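Just so it is clear, A, B, C and D label the chains in written order, and each chain counts residues from 1 on its own.
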Amino acid sequence: MASNEERINKFLRRLLQKKSALELAKSLVPEDQPQPARIPGGASISAAAIERRWQLLKASAESRHALLPPGSEADLEQYQNNIENCIGTVTLPVGLAGPLRIKGMFASGDYYIPLATTEAALVASYSRGAQAITESGGCVSILLHEGISRTPAFAFRTLREAGLFAVWCSEQSESLRKVAAQTTRHGELADLGIAIEGNHVYLVLEYTTQDASGQNMVTIATQAICDYIRESSVIKPQYGFVEANLSGDKKATAHSFVTVRGRKVSAEVVLPVKVLETRLHTTARQLERYWKMSAIGAIQSGSIGIQGHFANALAALYIACGQDPACVAESAVGVTRFDVTDSGDLYAAATLPSIMVGTVGGGTGLPTQRACLEILGMNGPGHAPALAELCAALALAGELSIAAALCSNEFTHAHQKLARARKVREEEEHD
Amino acid sequence: MASNEERINKFLRRLLQKKSALELAKSLVPEDQPQPARIPGGASISAAAIERRWQLLKASAESRHALLPPGSEADLEQYQNNIENCIGTVTLPVGLAGPLRIKGMFASGDYYIPLATTEAALVASYSRGAQAITESGGCVSILLHEGISRTPAFAFRTLREAGLFAVWCSEQSESLRKVAAQTTRHGELADLGIAIEGNHVYLVLEYTTQDASGQNMVTIATQAICDYIRESSVIKPQYGFVEANLSGDKKATAHSFVTVRGRKVSAEVVLPVKVLETRLHTTARQLERYWKMSAIGAIQSGSIGIQGHFANALAALYIACGQDPACVAESAVGVTRFDVTDSGDLYAAATLPSIMVGTVGGGTGLPTQRACLEILGMNGPGHAPALAELCAALALAGELSIAAALCSNEFTHAHQKLARARKVREEEEHD
Amino acid sequence: MASNEERINKFLRRLLQKKSALELAKSLVPEDQPQPARIPGGASISAAAIERRWQLLKASAESRHALLPPGSEADLEQYQNNIENCIGTVTLPVGLAGPLRIKGMFASGDYYIPLATTEAALVASYSRGAQAITESGGCVSILLHEGISRTPAFAFRTLREAGLFAVWCSEQSESLRKVAAQTTRHGELADLGIAIEGNHVYLVLEYTTQDASGQNMVTIATQAICDYIRESSVIKPQYGFVEANLSGDKKATAHSFVTVRGRKVSAEVVLPVKVLETRLHTTARQLERYWKMSAIGAIQSGSIGIQGHFANALAALYIACGQDPACVAESAVGVTRFDVTDSGDLYAAATLPSIMVGTVGGGTGLPTQRACLEILGMNGPGHAPALAELCAALALAGELSIAAALCSNEFTHAHQKLARARKVREEEEHD
Amino acid sequence: MASNEERINKFLRRLLQKKSALELAKSLVPEDQPQPARIPGGASISAAAIERRWQLLKASAESRHALLPPGSEADLEQYQNNIENCIGTVTLPVGLAGPLRIKGMFASGDYYIPLATTEAALVASYSRGAQAITESGGCVSILLHEGISRTPAFAFRTLREAGLFAVWCSEQSESLRKVAAQTTRHGELADLGIAIEGNHVYLVLEYTTQDASGQNMVTIATQAICDYIRESSVIKPQYGFVEANLSGDKKATAHSFVTVRGRKVSAEVVLPVKVLETRLHTTARQLERYWKMSAIGAIQSGSIGIQGHFANALAALYIACGQDPACVAESAVGVTRFDVTDSGDLYAAATLPSIMVGTVGGGTGLPTQRACLEILGMNGPGHAPALAELCAALALAGELSIAAALCSNEFTHAHQKLARARKVREEEEHD
């Protein structure tokens, strides 16, 4: 996180153009001001509570109208279990990417995929990649593994105690399974990993959670396990926490990459010379060259895995389909590979070890989000594995599309077109 | 990405409960089916185009109604420059977190922060952290660095040519600056890094982009630089690409963490014993213990930096305020630190080296997103540094709140409450 | 791997002081020169072969005398199975660090540890740390896990075939165990991990290897498994390799850090206030502060784990004791933690997940190396776990000593003393 | 660092075969035993001091004879400035690898390279790779960058103070340069990076150190800078340390990989079809396939960079030539790349960003080590850049040789041959 000398100097010159360092520093000194008003009403979504919240804000009528269209207060009640301190709603446009033909163990068919984004060209780019795949006969996408962990940790007086506790835990695995099972019908404790670091013991409790993304479920089960441990263990921990940040929750980690977080899926396609030429305006040879150069670019950047922009696919799909968009942090990790086949076609694969999706719970039951899942035929129980396979297939489409754009110099062109459109619009607005 | 033997066996047992491996494999064999219909209308957002897109889908009337309320077609035109293949909109509830008192060089005051999420308890948790900060006199948050890079790469026949090209590039830095300047009034080429790997040369072109997040701007400037290089360099590259994946675009990387991507900000607060007790129900000592255990948990997980859940703050704020939520992948990285002060208070700091925000461009001009920025007093030019300082302050609030919940056993409790609420609702629905 | 603009300019100014870039580039152009003489004699260590090798070299008589003292040719035969193209020997001084009291499951007692190094102050520093531990009653050191992997990989036509192959492999685990067992009496296949990436399948074959470090053993066993796979699998790989670089052999990796490579050991000690004061000239509070600052320094550096200088302990011990010093690359990884206890003492722990040691095979049978193992009471079969526990204890001693030196400003002082000694010597030499 | 359930169970079964957990735990309880004898004599290398050290040890006469041949005590005085608590010497055989033809900016010619190792087949493997390079006309190897850092850190009361301190430091850069210059004729402060994390400030002081590896030099210069800061800064740090673990000293880090540590060098060669066939028994196509599979293997392992076994080259060369073998930890990092050229030849490159070598200081002046440097024509001032270029060339030779062995199934064969030789010898010994 260090800047070098010259860059620091440039930054400071910009920063200190108008004010000196001391003047800037002065603005950081705390003043004794009265406490601002608290936000009223908590989880309540009554019209009155909403009204009182708006009175705190100095927003224009126009802004209020945008977030809370007149008469929409009643509609907000549907968000009762999904938000607190509610003042209205934001709206994002949804576009269709596809058709994307997938042959999976769970997802199978031709999909038109709803993506919510405000980034121009994103839907068009994924759509182009999807079409190239579909014209090539579709991609295969298969679920390889599943599991989501909570990682409580406990402190002991000594390493010796830590070791004895670890032995005890490993002997208790069946009991821990039962304790977890009492908290959930859907989740199951699948593995019990143990990491000792000095007098601290971390448990890696890995669960399967069926059709829920499962963070909630595994927290409750783990709490029950922690309670059981505190009661039953002869070697009492001095203290402990139900989660000690080894689980990879909401962040990219080597641990999740090496094992799994949520679901691991690999998708592949072979694009024939003809499709490469007509649809993507490039060749297998050029795409493979790009792959290699960008793979070594990624390695030099110190990324976890090598891939182009899985995050774009996942963020847009997660938002549209009621998934947790903060999980983009952990899901946008994996490996993309391009090969030239003996016949000059392109073999392409995308492997994502940390897809965090569910088709029940979270935001999946909200009207617009449920509608997006329904468009995919994936709302409700029984569809999470299929949704994960679809995520990998969509990510693959995006890797192909962006690489092809970079190979055929269409990458910048798309950006320029957008910039021009925006400029035209701005000029029109100022007319 | 390897599973171990026992986990594989368990997974296979689940997978092969109903079908054999060969039966599953059969479902992956491509069949010769007719190509599905293309999505009609491209970027057009006419009612007719929208209608034709819906005709492709097998969604229920209810879903259509949710995404495209009757009579809303005309409203969709505002998304003309932000989406393609549009079929309607998704809606997310917005809640207020705060008040959050910030003393920054750019952000200064008491903020009520609009967060868009469907994850229950998220707004409440951030709000609690914000209140604790505010009751403690507010946090300081300061911009430490800024810069965003594009990283084109070029292939040569030999390492010798690569070296000569690198020398030439470094001599041309002023020319490259001018070339970039011709493409943008707002962006500026700030640094020209060079990495040679065999006969490949990667340029790390780092720009400042004022109030735009800037991915678009730096792409166009870099394309101009690449064009100039191709024309002017005596040592001609065999081939090259405008971006070769060293920039950290849409992914967590050590390179961005070590340098900067977008804006780097550090925020700090001292929470007095009393606030810790009344607001967070814990002590500085306990929070510091948790920090240490979770820091070593994070290190064992192989994360980039150590932090709890920056992603939650950033995803919810990015969506509300028209930022690119895919950038959560790169932004949700940094360092959280808790210390016990000599007087028994808690010193807490959060440092985020890759905040990707802008207050112009992208989705910032859309009605609901602009409204959220306006609530913060940060819409339009001149506000990007302030928005970045606010991001770090909000992230700090979240780190405090989640750690306190884990220390006081309220973490699971919040989850349990939600689970109960959901269960009650489900039972009511099935009555 | 990118340098920034200003640093590049400085480097180029230095580089181009005497010659222009073109002149330098000229020196890189291949010339058509006759092939140089091959090195004669291969593995032979006859006096004649050695003589012919020396005739190739333009070294002084003094150098030859140093590497090959007159009359020492016959002694070289003992290296028959450890070197090729032998021309003599290098000599490194061995110093004793200790006494180091260890209470382990395998290592137990007061150790005087032979370290081979040419870096002044290294032995003294480890010795000081060891004494501090011993005066505190000794450290506990326990073996936590063991296993070493080879990771062959196979390419298939499709992901579907890759999946079927993976299912087949997991069904064959008992057969693979037997195949491995036929190649070695000491090694055992302990786990069979599988990672699918597109149409490629990586096997993570983890073995236990008793008292050998085991790289040789696991290679031969894995080759037998690969041969069995090629003969028996219905789904034939297109090609494959006995090792595909997922094993962490000779490099620091997150995978080994998350699991194990060789042996994982944790060591701990509590240093009382008095020992800190008299022996280390610092306090627990100051050491804990240093730990925290350096932990976040390490995190910012993007290291795997957090520790100070495990490499120094391991390199010096590995060389003295006939271990493979190239394994320092993978072994010098782990976690150091310092805590202040409630009574103001220092709790310190070092955890090393990748200790690569053996007490048979490799260089362990050579005279001086065997002698060093004998000094530890650890030569020959039955001692590898004890040697691993000793490694962690020694690493812990070094972490304490360097941190204390940094806390009490003795770090630089030691360096200055050395520099002065060297200067005096140089001046004497030039008299 | 977590083991999974099944592996833990297996490990515990092995561990608890003979003793129960409680019995094992008992062996970890400290007993009250008298303190063992201290090692006498410190840095002294008199015969008497050596004798007293040996009296502490329970080693056999044979071991003593090996480490301290009768009459060799006087010779040990040459190690006066390189070791403490000396008891004798260890001896490693040296073999020649080569000839290796290098065209570098600094290294130029046909080299026979002395490698010290006890690992059979290592010298032969590097020699084979070197010959393949030489028969192909030699490799190009060029120095790309140089610099070595020390990273002191300082704690302040607030982020505001930290910021003001950082501004002050950046204004003082010329003064800091002068302060550093007063401590050394050879070193120079080349860059002053600053990283703020909350109220902590890390300085990244990057130096050039000419022909010394330089750790000592930069420590002394940095101490002078820290002293100057403490005296001159208006914003006084609360405390600070001359090194805070951001420098990458003795460990693999992303920071060093992204920038440089010591010297960064890239080496390349084109191997014609014929050399591949006759010397390496494989094809460019097969080597490139292996590269790709192993690159993705390395990525899945979470290594820093992608390479095969740089550590083997560096450890053997560092030991032979008086370099610091603990630096293998940081040096054994980089990127290897293989391409098939249009004419079917193999393009291969190895890039190492962290080569830590010097030709003065450390162990370079010792008799056998100086002799090895002299064989290379690289002893004394003026040769460090050449030695760095040679390191990269040697590493490249090893990458080619091991990959070829894996492609032609000779990898295991070499191991088997060794195993057989050892078995024969063991049988003979037992006759």
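Basically, a contact is a pair of C-beta atoms (placed from the backbone, for glycine too) under 8 Å apart; a residue touches a chain by one contact, two chains touch by 3 or more.
In this text, all values refer to a predicted model and were calculated from it rather than measured experimentally.
Using the contact threshold fixed earlier, the set of chains in contact with both chain A and chain B is C, D.
Copies chain A and chain C of the same chain sequence form an interface built mainly from equivalent positions, shared numbers / all numbers used being over half. Distance between chain centres (mean CA atoms), chain C to chain D: 10 Å. The mean-CA centres of chain A and chain C are about 38 angstrom from one another, to the nearest whole unit.
Mean C-alpha positions place chain A and chain D at a centre distance of 39 Å.
Residues of chain A in contact with at least two other chains: 1-8, 28-29, 140, 142, 144, 159-160, 163, 191, 195, 197, 200, 202, 246, 254-255, 257-259, 295-296, 300-302, 304, 306, 335, 337, 351.
Residues 1-2, 4-7, 140, 142, 144, 158-160, 163, 196-200, 254-255, 257-259, 266-268, 300, 302, 335, 337, 347, 349-351 of chain B are the ones that touch chain D when the two sit in their complex. Contact residues of chain B toward chain C in the complex are 1-5, 8-9, 12, 21-22, 25, 28-29, 158-160, 163-164, 166-167, 170, 173, 191-195, 197, 202, 204, 246, 254, 257-258, 292, 295-296, 299-302, 304-306, 335, 337, 339.
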